[in-house]
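Each of the next two complexes has chain A plus one other chain: chain B in the first, chain C in the second.
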Partner chain A sequence: MGGKVTCTLGEVKNRADFIVYWGGNPAECHPRHFTKYTLMQKSKFLPRGRKDRTVVLVDIRETKSAKAADHFLQVRPGKDFELLTILRALIKDQKVSEEQVAETGLSLEVLKDLIEKMKAAKFGVMFFGMGLSMTRGKHMNAAALLTLAAEMNAFTKFVAMPMRGHGNVTGADVIMRWQTGYPFGISLNRGYPRYNPGEFSTVDVLVRGDTDCAFIIGADPGATMPKPAIDHLAKVPTIVLDPHVTHTSRLSRVHITTAPAGIAAPGTGYRMDEVPMPLKPALQSPYPSDEEVVRRIRETIALRPDWMTNQPQMIEAQI
Partner chain B sequence: MSEVILRLKQDPVVTLEAEVITPDKFAEMSHEQICESIVYHGKRQLRLDEFFEVEGEKSEHIVLHGDMHRVRHLGRAMTMGSLTAHGDVGMHLGAHMKGGEICIRGNAGDWVGAEMSGGKIHVRGEAGQQVGAAYRGSLAGMKGGIIIVDGSAGIEVGMRMKRGTIFIRGSVKDFAGLQMIGGTIILGEGAEIRTGAWMQRGTIISLKPIDLMPTFGESGVMNPTFISVYSNLLKPHGCELPNDQNLGCYRRFSGDRSVPGKGEILIWQEHALN
Partner chain C sequence: MVQKRQLPINERPSMPTVRLMLNPMRTAKQGVNVNIGKDGDEYKQITTTLLVHQDDMAALGVEDGAAVLVRTEHGEAEFICKTDKVPPGLIFVPYGPPTCQLMGGDTDGTGMPTSKGWDVDVIPCSELDR
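Let's look at the complex of A and B:
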């Protein structure tokens, strides 16, 4: 697997002459993305702005974003992984037959044309949304796109970036990464961070019922997670920190109202390209910030006697 | 033959990490040492006898009883002896195992035999995801030994496996043999989609028709001799592969061209009855 080959949106704005949106609808979900970073901006390297850029949209249906794109490729639902794998084969001049391409809903001619344009680009960028990462195949669909972006660097500069949403999710990943070395799915029960999505990721832990308490900050799993996970949240003591009363608060034991970050609480938000942005509150709030609540809980716990008498032992032969 | 018998007397509320339950450790331990060995109930370090009734000592044969679906890392990195469980077991069963034998009369969790390099695992029930796979970020999964699952298995069976054999009698979900580097996966009841995706080398044998990735190319039909050799080797483990050219043949597909790889997928096809 490739890892993430990425850049900041500033580079996209100044240099990207070939832009692919895969499984996302930026016109409606990230409405300022086109105008601020990808399509309309003029720069030293792209003096004519939109005219210097080629935009491709890959999605299962024609959304509003299709109007803004030069090329729209309608992929058959659930065939993203196959299409990306075919593209990986085609960039290496491997033979894929017309019938094999047809199962993705596209034709060989269209894909060859796309690859020609990709290879001819000076700076390509691929943005992928939840249409890719949340459909069948999940992490492997994203891995396929990231690997394609990595392999395109044999021909020209190419990067990939996820289209993140929902407030500061990127921030959570970034902070976890520099604190523990891993972005998510981390267990600290042995005294050192261990990473294993599927075993330690929140949704899997909740679905299996492997936890006896839940502490939720600024998220609403009660609205998005599968039924067994929600049932388990209702069963165990759940504590929610949120500015609003959410679905999760309704099934929790404790809800602590906090000041909304960026509006009434200061802090740092992370843009989807992992650039930190200071948040200056515009309003005053009677409620404490998330940070203050967590800090006070931590201080109270620190006053209690230490129940961990022995240092935890590392698992032998752990890799 | 002396045995160490463990009976689960108290269900763990959260996961119980019990990598101490291996024949290598118990072979050297007295009854008292086994009772006081440390298991991790979530973050809490507890004695083994808080969860298990312990019988016997100093034996490389372990027998477990009870529903241990939250007990993880059983038989971790074992090199000898045997471990038998009557009931379900949790994740990482026999991970990093180098030798010996595991038999589970129940279902197993995810990561059965992950990165193992020798020995045998037999799961009589169903197995979870990532059977014989590589851990996240690791370059190679299973490097030797044999895993037999009588029931079905989840996604990513044999992900990045390098050597060894996996036999799944039931059906498997998506991505069987993902990024496979070598070894053999035998699918008794076929697979869902994306079998052999991104494989470099290795062999996937399916006894039922399966959907293939569009990046595989058909390369003829055959009755390879090695199938008969494999069948003879696997017969003591209760698996047989058909290879009678009067009855049928194997359709061979090679790929995955996106890598580009030299892996092969063999699909058994019976001749139409005339």
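Let's look at the complex of A and C:
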């Protein structure tokens, strides 16, 4: 398992005639996804728009997105990995028993019909959300789906794409990958990047109490992270840069109000297909941008090298 | 490795406790209110409204608008019940500060805490007040 067979949303709009949403609820969470890319658009190779596309939703409950789908498959909670593995077996005509399928909450007949439709498609795409990647199994569930998409290419064109979260989370991953070679969970304390999720990832560092200071830019861990991580943020000096006063601001020592990116501050936002989009501010703000605050802090520290000298783990590369 | 705490000892074993699976989720209204302000009454109401199947409401012996205490092995928080067409045995609530109280800090080496599919004990608050 490994790698991702993917494409841009422009290709989805122009070519994808078979669309699967797995563990995601775009009707609520990505309300423009249907209208801009996957369902409603009439495009070069799909001139009749919605009529030329087949949409399947896989989820543990019938969400608002189910109304927009042609087929809804209700998988039993925590059985996504099993279902994906069964689909991988079925596309290669391997034997799968009714009992194995029944455990997932679906029937062999339904899955065989799904596979027939997948193989008959000209261009299939699988979008997956937090319902797949944040339940038990996590990255292994996502890896199973990516492998299924890759293996489907033995029959027809198939790609996969994660339904990314709010703000510029894709941009954070892309820039870290470009700068360090890794997307997240990176430690620079030896002066070169090291990657180890579970060790250097934010929640783990906070829960173990490894950090004695926290600098938070444009995030609100005080309202999103587990309680032990929030408790540690309250213990150490925490600095927050955010356009709003958030739960994290309340437990921090310093809150600096910044201009909202894309509205009153320029920059680059990354779409969920990793295409960079320039952000032009429509309004003016009395507050500085995140970038300006970070740059001024860096310039101030550079003027005071004596602040950094007595720390044993500090090396020149970090300054 | 983070030590998992044992479930809090229930001091009154006769208390009606129903074991359900909690799945925090996102809604469009929640997303809008994140930007309006997390101190607003609407955001608080959204992040404390628990969607429950009618059979589970009956098992709990509560009606719409009743307060319940939800417990995991990591913490507890209060929510307001609302009947919804969710699958029986599963309950749903938008992510927010109350769900943070229930989430464990262990990421199983992945960097992400398990954010959905928690086994929880649900207790009507009316029983706690007795």
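Operating definition for what follows: the second predicted complex is superposed on the first by the 305 of 319 C-alpha atoms of A that agree within 3 Å, B and C clash if a C-alpha of one lies under 4 Å from a C-alpha of the other, contacts with A are read in each partner's own complex, and residues count from 1 in each chain.
We adopt the following convention: a contact is a pair of C-beta atoms (placed from the backbone, for glycine too) under 8 Å apart; a residue touches a chain by one contact, two chains touch by 3 or more.
The model shown is predicted, which means the values in this text are computed figures rather than measured ones.
By the document's definition of touching, of the two partners only chain B reaches A:82; chain C does not.
When the shared chain is aligned, chain B comes close enough to touch A:100, but chain C does not.
In the superposition on chain A, contact is made by A:136 with both chain B and chain C.
Of the two partner chains, neither chain B nor chain C is touched by A:153. After overlaying the two complexes on the shared chain, residue contacts for A:224 are found with chain C alone; chain B is out of touch.
In the overlay built on the shared chain, the residue A:92 is in contact with chain B alone; chain C does not reach it. Look at A:203: by the touch rule set out above, it reaches chain C but stays clear of chain B. In the superposition on chain A, contact of A:179 is made with neither chain B nor chain C. The intersection of chain A residues touching chain B with those touching chain C, taken from the two complexes, comprises 136, 197-198. Across the complex, chain C meets chain A through its residues 2, 21, 23, 25-28, 31, 34-35, 37-39, 74-75, 85-87, 90, 92, 95-97, 100-101, 103-117. Touching chain C in their complex are the following residues of chain A: 25, 28-29, 31, 60-62, 74, 77-78, 130-131, 133-136, 138-139, 166, 184-185, 197-198, 201-204, 206-208, 220, 222-230, 244-247. Put simply, chain B touches chain A in their complex at residues 13-15, 17, 19, 38, 40, 42-43, 45, 70, 73, 76-77, 91, 96, 110-111, 115, 129-130, 135-138, 174-175, 178-179, 193-194, 197-198, 213-215, 217, 256-260.
Contact residues of chain A toward chain B in the complex are 1, 81-82, 85-86, 88-89, 92, 94-97, 100-101, 103-104, 136-137, 140, 188-190, 195-199, 210-212, 308, 310, 312-313, 315-317, 319.
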